[in-house]
Each structure stands twice: as structure tokens, then as C-alpha cells.
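For reference, chains read A, B, C and D in written order, and residue numbers begin at 1 within each chain.
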Amino acid sequence: MSFNTFGKLFRFTTWGESHGPAIGCIVDGCPPNIPIKEADIQIEMNKRRPGQSKFTTQRKEDDKVNILSGVFEGKTTGAPISMIIYNKDMRSRDYETIKNKFRPGHADYTYFKKYGIRDYRGGGRQSARETAARVAAGAVAKKILENKLGKKYKVVGAVTQLGILGCDKNKWNDKFILKNSLFCPDKSVLKLWEKYLLSIRKSGSSCGAIIEVRARGIPIGLGAPIYSKLDMDLAAAMMSINAVKGVNIGSGMNSSTLTGEENSDEIFQKKGKIKFKSNNAGGILGGISTGQEIVVSFAVKPTSSILTSRKTIDRFGKNTSISVKGRHDPCVGIRAVPIGEAMMHCVILDHYMMNNGQCKI
Amino acid sequence: MSFNTFGKLFRFTTWGESHGPAIGCIVDGCPPNIPIKEADIQIEMNKRRPGQSKFTTQRKEDDKVNILSGVFEGKTTGAPISMIIYNKDMRSRDYETIKNKFRPGHADYTYFKKYGIRDYRGGGRQSARETAARVAAGAVAKKILENKLGKKYKVVGAVTQLGILGCDKNKWNDKFILKNSLFCPDKSVLKLWEKYLLSIRKSGSSCGAIIEVRARGIPIGLGAPIYSKLDMDLAAAMMSINAVKGVNIGSGMNSSTLTGEENSDEIFQKKGKIKFKSNNAGGILGGISTGQEIVVSFAVKPTSSILTSRKTIDRFGKNTSISVKGRHDPCVGIRAVPIGEAMMHCVILDHYMMNNGQCKI
Amino acid sequence: MSFNTFGKLFRFTTWGESHGPAIGCIVDGCPPNIPIKEADIQIEMNKRRPGQSKFTTQRKEDDKVNILSGVFEGKTTGAPISMIIYNKDMRSRDYETIKNKFRPGHADYTYFKKYGIRDYRGGGRQSARETAARVAAGAVAKKILENKLGKKYKVVGAVTQLGILGCDKNKWNDKFILKNSLFCPDKSVLKLWEKYLLSIRKSGSSCGAIIEVRARGIPIGLGAPIYSKLDMDLAAAMMSINAVKGVNIGSGMNSSTLTGEENSDEIFQKKGKIKFKSNNAGGILGGISTGQEIVVSFAVKPTSSILTSRKTIDRFGKNTSISVKGRHDPCVGIRAVPIGEAMMHCVILDHYMMNNGQCKI
Amino acid sequence: MSFNTFGKLFRFTTWGESHGPAIGCIVDGCPPNIPIKEADIQIEMNKRRPGQSKFTTQRKEDDKVNILSGVFEGKTTGAPISMIIYNKDMRSRDYETIKNKFRPGHADYTYFKKYGIRDYRGGGRQSARETAARVAAGAVAKKILENKLGKKYKVVGAVTQLGILGCDKNKWNDKFILKNSLFCPDKSVLKLWEKYLLSIRKSGSSCGAIIEVRARGIPIGLGAPIYSKLDMDLAAAMMSINAVKGVNIGSGMNSSTLTGEENSDEIFQKKGKIKFKSNNAGGILGGISTGQEIVVSFAVKPTSSILTSRKTIDRFGKNTSISVKGRHDPCVGIRAVPIGEAMMHCVILDHYMMNNGQCKI
């Protein structure tokens, strides 16, 4: 887990800039003999791909993944899988006018101060375009886990709060999520959400969101105490996504307001099956999976590129102001759903492999 | 960052069980020639030490730290610093009655399922007693950072929410925090908090808390993009603390409800100094420090050991119930304050060293 | 340092198979603002490139490197540098006849047993073609070190033994090495070596070699005690090269026959400069550089692909025999010279950065 | 694998100085439920312990190991195992006279230059006393491997060359090795070796040695391609031992003089069992175990502390000379045998666990 690599036994390393020729990743530590093809990965890529609805940026990228290594005759070989995605729709000119200005809320200022360099083309390496590479890595992890754990293994993410609008999580519907462009899990609020987001878009503003990712069919015992806690690695995974500012496991921040009685997920057995009365723990106790659904949610801050003029400085330290026109998502949180799912797959697989390595030998 | 080790260039590894002979840690990667003595570390240990007020567990531990290596003639040598803390007040008999039962909310069940072993003595390795070792490691990191960054470097933590009771963060007072047993930053609410916590204690119940840790005097440019983001490592650090279920950076989960206009921390210069109008980002943009105050908060769930009887199963899979008597904190969140501070020191130092290694060479 | 990644702070990850579409690497942890261009890398690539003389395989590869990320306007940005080298001359048909047989001395058998898969196309991932990617990574490290340490920094490798033929190391001539296809450092033996190697080639046989790599202009203090010793990391680096079976630092294996008097490199100062009377230590004491020349040598076993028929088994466990025709180097050791240099650059830079991170902060 | 930690999934971290209060290690990643007791570890410790014969240093250390954590009711729990060994016989006064001088061949000079500190007490952290901690870690690894692989798993080390004297490896006798103080495997040369070493001891000189470590009962498929090659990790492991300057796998450096015909270990099957005609590869092909005996040898340079006066400088840069009296081994290589065995156990177990994690899931 260092700079551009994520994971321990199952690891991926990403590379590439928003407006360079391509982006990509290397997935290392893959078990051999897992059937995989580019189309499997493309399905996940398409969920994150921009330009698919009026609610996301109009940048046109087909985000087509090419596998360059690690797969032979349709199966993983155990060698590293290198995947590349060529950038298509790079309009660097969009950035000419802001070349010397630091966009507030973006990493322009900190990158410049750290590296002494300004890659002004859409944020360069700081761009959320990097997340396309993780979705590819996550698709590989997903295939492996489905192969090992069977159909019961399932990860589903959704937007559970769009700006100031919430939803009823009791109405969560897996299938409905995939049928709407906002990854909304609750049919009853979708219309309202759409109207709200369009109004934000029209006004050149933006809003934040909360994404919730649920993982089912998880074996008991994944994770490790102390500094490889499953929830610690999930928190790191989600916080590594651009614009994420908060992460919850199960009841999360709300657990602070509960009493011990409310919070304890009572345990019982019924016909030999061990069950829990509730899931405040989000499926993780002491850093180790309980076998319940794993529930992680995270907050994505509003898109920092907005039409309204904001005060800022330029690279020479002078006061100025900026209004960002380009092509931007009114809510970057929406496209974070498949990214959160991808990170969940990767963390689960990594811990599945480590658990086998240490405890099942 | 693996199992029992935290950090990359500055790393510490902890060991020990709640009711074993001792606990301890090894701190590796220390710069040489930093003056350090056991008393420096003891100051931090004493903040976490149990049995100091009626608000915490009555387990008596003096938590005295012995340095066994890595310090010669009062200075670090660059060799690993091994520290040991002997356990004193181990009443394993407290645990005899619950030997075969899994305490809900604790890691008893998951540890047993993962390792096939039940160390029933106060949770064994899963006990929060492990955190004493991190406080020792954090004290070393603090000394080094004070030595390198000077007096402007300061980390202060406080309880900002106690169960259902909040406080006014505008009234945050560094000095007041150290003068009350609840690490409350706002004098106006202390009395109320004390009454509330005593009533919870008397009823054998427990409550959660939110801890906020602030770091000042941080150089611009610490952190790294993508998978060594400063906020990612801080999220991992805080989530690795026992009973933590949520982590926020700056506005955190609340950033989801903000608009782009509200959220963007506008930048300006005044007399050559670069400043920000607000700090929703919590001092971190794109994973890299802005030079502002770093603000991290995290939620600690209520103590799972409560007097009220809870349904559970025993290790043979039979339904039963449990009521935990022993000696327990009514709110484990309180003693998490110095732990959060320790983790902040360690993450900051690790990134300070990595930044020097990569960008200042 | 895991599976396909080498290094700690300066790290590279390689990918690709001998007969896949391409190979490549990602270099992570690069300091920013270092001028670098594809031509700088190509110079090193050309030293390793096959098909350049009658002494190496006739496979034609131009080994042209493309930089896909991490360099902007001619300078490193601090972001990962992704480099790709397309494979050109892939005659998989050469391998049809041996598709089901394990070549003795190659990794065919062990890969098949480990992964349950047989990528028969020229060895797949086990092919020495992977080393082209490290040479690219090493070229980046070289540029950085030259930028930081100046002209005094120099790494030179040579073949010091070709099969049964040695050379006089006192006649080591840097410039002569680059003027002959055998990287021979001693002009007086070259003719003999050439005749010897041609006779081996003609008979379809092969021979081993010893490569020596020397690094000059190294600061004192690089390395770390115990498990990041400079010589430990160099040994790992060289042993990771295909077909390497032994590694020496300084006097190496021969140090076993020395007395304490012979072995100790006496120290003295002359006009304020600290010097050593000898360099049995190879420039490293206690895992840390002394400031002397660093001297590493390693043995490369003879090419395992030979014309003479060898007994082996096929993938179904049946006894059979094999005679490998294809295009092969009569001595793979020769092309290991630039690879050894590349690994030296990478290890030195990694330790240079770690030393700055820990000791120069 | 960083500074004071060795290993990936099975990892140990050592700490302590030659003349501090104690040394020790933390072993992390242990599988649970392995029976282990202090006596198991003590057996290995006793093989390395000084003061046992006239051929080693007369420093008296009982090297008694205390287990402080990670073992409960006689079995590993999966939690980190902390072990401590108190130093007993610390005569720092031996070092008073050389306090300000750098001993040639030792790391005094490089440590001082790197860290700016001189821990003159017997070398401080650079002392070979650190290796006692690895022997303890290796004993844990041995217990686990014996538990998992059964009795066929065996690691045996011996001194195969003592200074200028060799032995006949065909006469290698496991049992004889343990019956003589020189770990000599060939009965026919022992007397000669003893006379030779005594003469070296009397003259206050020292000699080098070659140690060979053999591992049997190794499953096929351990190791990994490229940067986690089994031989690469073994080379790193052995080169991390104090005073080691060269490492061979199988034929090692000698493989350079072989032809392809001589070097290829032909494969055949007999009654369904796969066998090799020879073992030049030392049991490793392409970085992966073949199932043959793994054979690693390494050279230990002569003890640098000798009676003969050597030229050196003091810490103020002045020319001086030094003659080291203290208590020293005439051949440190002898006591390296159990250390080499310990490192072999640790590397094998680490790869066994990683292979299970990646390929057996």
C-alpha cells in the first residue's frame, strides 16, 4: 500500500493522467486459472463511464479496456494483469484559461507546492479519471471472488443521499439501482432527485452525496486484528477515492449516539444457523467479518468545479478569481458507486487470500 | 502496514494481550539523535491510563514504560526502539463466568471463528489494552516532530460529542481539555456531561462518543496522491482503533449536504501569506496537506460490556444470555483521545519522512 | 518488494510475457522535476537489446520504449511513470514442438506445478524478456541519481568470466567494455573469448558467465542495518535476474579463505580524506556504504536451451527427450550486464531516498 | 522487509543491542493452534549460544528465551509472538579503550557516518548478537512447518569450508554435524579442522568459512516469479546475516564454468515419481521450488576483531591503530550455522503461506 499501489497479497498499481495518452493498472497476486475476458471488465467500466446521461459530465470516453498480459487462452496465469485504457476526448484547451490559477477545492495548490510542477490539463494525476483503472482492477477481483465463493457473493452500491435529499433505505432495491442513472435504491424518491439535480446542474452549482456499498456472501473470519482490520482497510480504500471526506462502517458516526444496549447486535442460533438481531457493526467485529452483510458508506463532497466565481490565487501568489466552465458532473458522487464497489471487491479478495495464507494452511 | 505493524517509513509494531505478562511495541525508522527519555513517553501514557477518575474503568495500571533499546545516552540511535509495559492488575477470574460465551459487540465470536481459539481473558489480543502501546509509539513520533518542526507543531484531541450530548466547537479551549477528565473542550457543557455519564455508569449502561483531533503547524505538501493520501492513512489509523466505526476529515459526512459554493475553501493571500476562508477540507486537498489545521474526527461506539442482559450464544452454538460485570469504562471514547492524538503524530511523521525521501532529496 | 514489484520508496512493477503483445513497467516514487526523455531510456535499452551481434539471439526486437505517464513537458511530475515496449518478433511456432514438454533448467515444470497452467510461448512470464522492463526502470533511476549526485556517480558492469575463461581485472577498462559485444573489460582476452563463444554457439551448446557491476561516487551512509542492508538488497536484486545462481559482494565467496588480517580493509586519512587500503568489503560495512566503490558480482548459469538432446518428461508425466532449436543466446550472461547495472541504479536510488527520509530530515 | 523486519506474510521484527538490557523479536502472521513452548525455541538457541566450546567467544550468555505474548495454553493464537532474551554478560569496559576508534572490517565507521552516533558497546545494534533473535523466530517457523509438512520436512546446516580447509560433501552426515562443535559434516576432516582453528585462535587471528544449508521435504511450487523468487528471498535472508559476503544457490558461482549440458538437471519419472538426475539448480527453477532438496551456501568473512594491530582512524579523523582484545570467535562462521537454518525456515514458511494465499485458495 504505497503511493500508487493498493493491497497486500492481491495488489493493484494504477498510472496515468487525465489528459495523457492513456491510463491503466497492473493487477498482481491473481490466483491462476480464473476465466476472465475483456468483456467481464467492460461491464463494470460501463457503469462508471462518463457521458451516459444528462446527470454526468459530457466528456465522451468509451473507456475500452485492453488486457496486455497475465491472461492466456482465456484464463489468468498468476502473472500480473496489465490493463490499458486509452484516453479519447482530451480537450486540454478547456484548461488554458485556468492554467495558472489554483481551483479551490481541487488539489492544484497542494500538488504544485509538493512537486513544484503544475500539470494543468484536467488535474493530471489528481483527476478522478484514475478511478477508471481501479474499476478495472475491481472487476478482476469480482471475477475471482465469484469463482471462489459462488453466486451468494454479491456487492451492491447505491447513492443513499443526494445533496440534502435522503431516501428510505428500507426500500433498497438491487435491481432498481441499475435501472436509473442516479444509482438510487429507492424508487419513491427518484423523480425528486432528478429534478433537484437538474436544477443544480442548470445553476452551474454542484452537490455532495453519500454512497453505501453492501457486500453479501462473505465468509466469517476475513480481516485481521489491529493494523489489518477489515474495516480499517475498507476505510482506507474508500477514503482513497477522490473527493471522499468521511467513511462509516455500519452505524458509523451515528454509533456515537447509541447506548450499549441499542448498539450491541445480539446473537442467537436458529436451527443451527447463527444469526444477529441487528447489524450496527456493519458485519465487522474486532476487524473481522461476522458473516453478516458488510455495510460501508462514504460521503463525497460536491464537485469543486462550479460556474460561480470563487476567490483564489494564481501560481505567482496573486489574488484572483476563478469560474470553471469545462464539462463537469454536477454530483461526482454518482459515479463513485462503481468505484466503491470495485474497492470493496479488492479489499475482500485481499483479506480472503491473506486469511487462506495464514489460517487455512 | 500489515497485521500488527503500522506505517511505512516510520513504523511501529505492537504485541501483547490484555491479561498476559506485558504489552509493548517496537518503533522502527526513527531518525537518530533525537533526545528522548522515558518520562517524555510517560506523560502521554498517563493521559490514557485507566483508573484515574470515576468516569473510567477501575482497573489499576500504572502503565509504566521501559525503553529496552534504540536509545543511547539519552538520544535515539536510529536503531529500533523497543518499549515494554508490564500488566499489573489482571483479574482473569472476572472472566471465568463468561469463558464460553461470546460477548455481543465484542470480537469474541469472530476471533474464535477465525483462529479456532478463545483467549477469554479480557479479550486477549482484541482488548483495547493494545492501544497503550500505540500511545508509546505516538509519544516517540511527537518528540521527533517537535524536534524537527518546532513549537508551532501541536496536536490536540478532545471529545466533541458524548453520547447524545454535543458541545460548541467555537468554544474549543486547548487548556481546558487537559483540566477535565472527559477531555471536554467546552467549559459550558462539562457539568451536564458529567451528570449524564454518571447516570449511564450507575445504570450499568454505556454510551458512544465523537473524538476530534486537530494538528497545527503542519508543512504544506505532506501526503501523496492516490494510495498514500494523507487522509486515507489518517482514516486507516483512526479506524484501526478499537470500537471506532466512522471517520471524518474536515466536514466529513456532512460534506454530502453542502453545495459546491459552500464547500469550496476559497484561497487568498494577505501580505504574502496564503490563507483559506474556511476549512471544510480539514487541511487536506487531493490527499496532500494544505498547511491549514488538519482536522479529523471519529466515532467510538458505546462500550459493549454492559450490565443489561443480552442474548448470545456460547462456543458450542447454544443460545444463552450474558451480563458483563467486570470493570469497564461507561464510555470508551474518552480514553480514545490520547490514542487518536498518537495515531495523528505517527501518520504525520511517516508522511513527513516520505516527503523528505521523495521530494526533498 | 512483492511478486512483481521491486523496491521500497523507489519502486517499480513489471508486467508482460515473452510472446504477448507488449511488456512494460510502472516506476513509482520518482522525485519530481527531473528532466527525462525516451531517448535517455533507449540508450540503456539498446545495450540489452537482442540481435545486435552474432553472440546473442537473433530475435529481432527494437525494444522501443514509450512513456505513457508521469512525465510532463520533459520532466518527471512525481506521478508514476508507465513505460511500454511492444513485442515485435514473436515466433510462437518455434515453441509448438515443445508445447507439452518441460525444458530442463527452465521454469516450465515449476510454473506448471505451481499455477496449473502452461504458457509455452517462449516461457511466458518466466522469460528473460521481462528484464527489458527493468532496464527501462533502471534508466529512470540512473537519470535521477546523475541529477542528484552529479558526474561522479557512475555504474559500470562487465563480463569478468566467460565460461571457463577469466580475465585480468587489473586491466579493467570502462571504455573498452562498451566497444565490444561481449562487455569484456580486458582487451587482452577478447579475441580468445570470441573464438571460445563461437565454438560453443556452433556446437549448439552454451556457457555460463560472471558479471561484475561497480558503482562509484556513492555517498557514505546508504543502506540500513539488519533487514535493509545495502548488500542484502543488492543480493536480492541480482538474484532476481533470470538464471543467476550466486552473488558476491566484494571478495564474496572468497572471503571464506582469508584471514582476519588479509580481510580487514585498513583505514587511514590523508590530507583530510578518509581512505581504505583495500576493498574486500565491496564498499559496504554492516550493510551501509563506506564511500568506496561498490562491487557486486554474480554468476549466470549457461543457457538452458541447447541443441543436445536432454531427458525430460512431458506434462502428462511421461518420459521423453528434448532438443531446443529456436533462437537462443549461447551465453545469456552477456546481456545480463545492463540488467545488473539497472538493478544497481534502482537499489542505490531506493537507499538514497530512504536515507534522506530517515536521517537527513 | 524493511529496516528491522523480515518477511511478507510470516514476518519477524528484531530489536536490541549487544550491551543493552535485552534483545528480542516479534513474530507476526503465525498460523493459530500450533503447539509451541519455550523449550522448543531453547533447543535452537542453544546451538547458537556462545561460550560452549574453546572454538567460540567466551562471553557467557544462557540466551534464555521468554515468550511474552501470542501463545495461550501452549498454542499459538494467531496474535504476534513477542520473545525477549536478557543480556547477561555485558562487559562494556572491554570497549573503553576502543571507544573512539573505528574497528576496520566492522560497521563502526559507517554507523557513525550514517547516524552521527557511536554506540561503542560491542557494536550496539550492528553486533551479531541480533542474530539470537532470528534464531528464536526461526524456531517458531520450524515448529509450524513441522506441524504442516510432517517429519519429511528437515533443514540441516553445516560448515563445509573452514578457512582454507574444505571437506568432502559426499561424506555429509546429518547426525555427525550435531556431535561436533564445528558443525563439520565430514568426520574425516574434523581433527584437522580443530587443530587449524586452535592455531588461529592462539595467534589471535581469525578465518572465514562457508556454510551450507539444506532443506528437505519442500513442496513443489513454493516461490514466485520475478521479485519474490524463492532464491532471491533466500539470498536476501543469508546476506542479511552479519559478515556474510556471498551466497550461492545450488552450483552457485560455479555454474558460470559449466556448459548447458552439464548444468541442465535432466528430469525423468520412475514408477510415477518425478526425479532429477542432478541438482545444480539447488532445488529452485525460475524462483520456484522443484521439490528437490533446496541447497543454499554462503561465505562468512573472518572475524574482524583480531589481535594484530591494524591501521585505522578515530572519530576525530586522526590516524591511529587498533588491536582488539575482548572475547571473540576465531571464526564467526561456525555460529552462523543455526542462523542460516533459522533464515531458511522463515523464508520457506513465508512462501508456503503466500503460495496457499494465492494458489491454493
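Annotations
Here, contacts are C-beta pairs under 8 Å (C-beta built on N, C-alpha and C of every residue); 3 or more make two chains touch, one makes a residue touch a chain.
Since we're looking at a predicted model, the values are computed, not measured.
Path length between chain A and chain C in the touching-chain graph (shortest route): 1. Taking the mean of C-alpha positions as each chain's centre, the chain lying farthest from the centre of chain A is D.
Simply put, of B-C and A-B, more C-beta pairs touch at A-B. The mean-CA centres of chain B and chain C are about 46 angstrom from one another, to the nearest whole unit. In terms of their C-alpha centroids, the spacing between chain B and chain D amounts to 39 Å. With centres defined as mean CA coordinates, chain B is found 26 Å away from chain A. Chain contacts: chain B has residues 2-5, 14, 29, 32, 78-79, 114-115, 125, 225, 359 touching two or more partner chains.
The touching residues of chain B, counted against chain D in their complex, run 2-5, 11, 13-17, 20-24, 26, 28-29, 32-33, 68-70, 72, 75, 77-82, 84, 114-117, 119, 124-125.
By the touch criterion given at the top, residues 1-6, 8, 14, 102, 104-107, 109-111, 113-115, 125-126, 130, 161, 163-164, 200, 205-210, 220-221, 223-229, 231-236, 238-240, 242, 245-269, 272, 274, 277, 280-282, 284-291, 299-306, 308, 310-313, 317-319, 333, 355, 359 of chain C touch chain D in their complex. Against chain B, in their complex, chain C makes its touches with residues 9, 29-32, 78-79, 148, 225, 352-354, 356-361.
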